[in-house]
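Written out below as structure tokens is the structure these notes cover.
The chains carry the letters A, B and C, assigned in the order they are written, with residues numbered from 1 in each.
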Amino acid sequence: MIEIEKLSKSYGRERVLRDLDLQCERGSTISILGKSGGGKTSLLKIIAGIARQDTGIIRIDGVDHSQTKSSLRKAYYIFQEPLLFPHLNVFQNIAFGLKLKKTDKTVLHAQTTTMMEMLELPEHATKYPHELSGGQKQRVAFGRALVMQPQVLLLDEPFGALDTETRAMMQQLYLRLSGELNFTALFVTHDLKEALTVGDKYAVLKNGSCDIHNGIESLMADKESGLEAEVSFWSNYMNNA
Amino acid sequence: MGNKWFFNLLYFLFSLPLWMLPFFWMAADWPFPNLFPTTYTVRSLAGIPGLGQSIGLSLAISLSGALISTLTGFILSKEVAYHRHHHHFLLIGYLPLLLSPVLYAMSLFYFFIMFGLDATVVGIMLGQQLILLPYAFILCMGHWTDTFANYLQLTENYGANRIQKVRYLLFPMSKKLLFLCLFQTFLISWFDFAITSYIGVGQVKTLTVLVYQYLLEADYYFAAGISALIIYPPVLLLIFNRLLAKGLAFLRTELPST
Amino acid sequence: MKKRVLIALFLIACLGPLLTGLVYSVLYSLGAIGWLSQGITLTHWQHVFTAPSTYVSFAFSLYVALGSVTVSFILSFGCVYLLSRPSQRAKPLAFAWFIPLGIPPIVAAFISFLLLSGTGVLARIVWQAGVISEAHPFPSLVFDHLGIGIIITHIMISFPFFTLLQLQHYEKNQLAELMGLARHYGANRRQQIRDVMLPVLFRRSFPVLLLSVIFVMGSYEIPLTIGSQYPQMISPLIIDYVRRFDLQDKPIGYALSVVYTLVVLVLAFFLLRKQTLRYGK
């Protein structure tokens, strides 16, 4: 479970987060929507511990991690670009975090192999990133995070650069993994359909704070989410067709 | 067809130094108007007084200068590149490179005398850093992109300590740049005459200083031999390593607007 | 904390010596310091601004710089045009283009001397061709008042580099495709070159060309080795003043160096400010 209380962050004079409160139950995913530059990435990076908040409290499974080092939070950030290490092959990329933790070789091998199987990657184990497709690269990036058995997964538009078909496939993969591994996740996306597909709840970030919506009706009522406009566009389109 | 001749002529001209200098080194007599020397002689490079010491000096100064500037430039550029005023710092980094090196050395020569560094190898190494360090800094600046910043954050997120960051991220992902930067700064130092002759007061006889000395003495055969010695190692390296050649050309064109 | 220390170190390394040297030169030129200092005076500065050699030297340096950079650019543009033809593009770039990157200025000057002096290789070829029958009618292209030797040597060094640079811009800016597009809209070969290739390559190369002008203006080894006594380029002239037997000439050298430094810094500031600010991340 993630609990955020009164989180604030400014860059110079620009205040991107102001007294933001957010809660995400264990094993569930919150889809985060909002305008570009609205603080979504900052929020995720602060939770991951790779950026610092000005004020505010971050609790993960009841433990205060407001000032903890990034590596101790068990909250892993997945970037929009897969950021695979070009000098490492698929196996080595997935095992990257385990190797940093100096995990026993047999355990490392077993866990990495299991993860590759879950992600349908075994036949690509010795391939290097430049030999992989966009979807495969993002699967490796997922594997690298999931093999660390995260308590929290922070996804910053992970499928933003993929084509529609691969994107849909990755969303289904995400749902399967989320069910199997039961991680808690915050999932930033600009795509409403994706937000509705992967999220159990929805958060709309505006003016540095966020509104939580438990269902589609509530999200529809929030003009900033863009859902109402989207729905009315499609219904008009269908009516006119 | 005409193009082919034109380019062949051009390539012949470009390669002129490579065969002309050794050829001239072996000439014994070359009276006007003969196109080629009339007599040849086998000269040993060992016959040039102080050559061994000059090679050693040049190598030591260039290798240490390249190492120091590359490492320092790499570390400093990383901090500067992710600073919010990075574009102003980049501008500052360019300034020392635009001045004439000899005038830069001249304006600081008093301080070299004051600290007893004039006419010393250490003084020359320090003097060359005035140029090498900003050069290495500028070369490395382009390396620190937003994507690289994300990689840095990723390794931090996965718990890498400082040594692991260097071992698993910084070194493997920067080794090509480091190698090129080392080579480039080595070349600048290896080719330097202005700073070396000014701060060294002509007493620290690196290869370029020796060439100039023989030119002044009108001993063109010796000057040709030493010149060949200066140009052959880098050119051979470039021949055997096309990547280096391409990288070198690329790095030299890596100015902010390009 | 560590960050601040490193930033401070960077600023000290880049600006410290530059400002120290500049202040020292200003003080020396004003007579405030130096072996024969007799108190602050503007005499040396007066000399700098009244002596014709100052203006001649600056003008000569600018002429050499503009001359060599312009010719190098034109030559390299021509080569890029020829190399970018479909028959040439398929071939890998000849290694010979990279050789001049491995030639230091002092050796380049020496090679020019061997090739272009009154009894050099070129004079011998001309003699063998029967154009001259003695050495002296052949115009020495080194130590000449027009700086032809210096310009040719600078061209030798920079022309291949400009060609590599422009080839890179040619690829990066997809000029083959852009020229194909122009052809599609009815442009003939000349129009494609004049209206597409030249403006794109010139604009892209402009900052490097300007920086090259600054570098050549301040060059030392080449004019020192094959330059004439008069007119002299700025760097050898200043060093000449500072090293003269008459110590009274030293402050004049420093004053000249201050003028040169300020000219370069102002030029660089306006040139680079725009460029570096565009160097966004």
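Basically, contacts are C-beta pairs under 8 Å (C-beta built on N, C-alpha and C of every residue); 3 or more make two chains touch, one makes a residue touch a chain.
Note that this is a predicted model, so its numbers are computed, not measured.
Chain centres here are C-alpha means, and the one lying farthest from chain B is A. Taking the mean of each chain's C-alpha atoms, the chain whose centre lies closest to the overall C-alpha mean is B. With centres defined as mean CA coordinates, chain C is found 17 Å away from chain B. Centre-to-centre separation between chain A and chain C, using Cα means, comes to 53 Å. Rounded to whole angstrom units, the spacing between the C-alpha centres of chain A and chain B is 47.
Contact with two or more other chains is made by no residue of chain B. Every residue of chain C that touches chain B in the complex is listed here, in rising order: 3, 6-7, 9-11, 13-15, 17-18, 20-22, 24-25, 79, 82, 85, 88, 94-108, 110-111, 113-115, 119, 121, 123-125, 127-128, 135, 160-161, 164-165, 168-169, 204, 206-208, 211, 214-215, 217-221, 225, 234-235, 238-239, 242, 253-254, 257, 260-261, 264-265, 268-269, 272-273, 275-281.
Those residues of chain B that touch chain A in the complex are listed here as 84, 147, 150-151, 153-160, 164, 168-169, 172-173. Contact residues of chain B toward chain C in the complex are 3, 6-7, 10-11, 14-18, 20-21, 24, 32-35, 72, 75-76, 79-81, 83, 86-96, 98-104, 106-108, 110-111, 129-130, 133-134, 137, 144-146, 187, 190-194, 198, 208, 211-212, 215, 220, 223-224, 227, 230-231, 234-235, 238-239, 242, 245, 248-250, 252-253, 255-258.
Within the complex, the chain A residues that touch chain B are 12, 45, 48-50, 69-72, 76-77, 79, 81, 83, 85-87, 96-97, 99-101, 144, 148.
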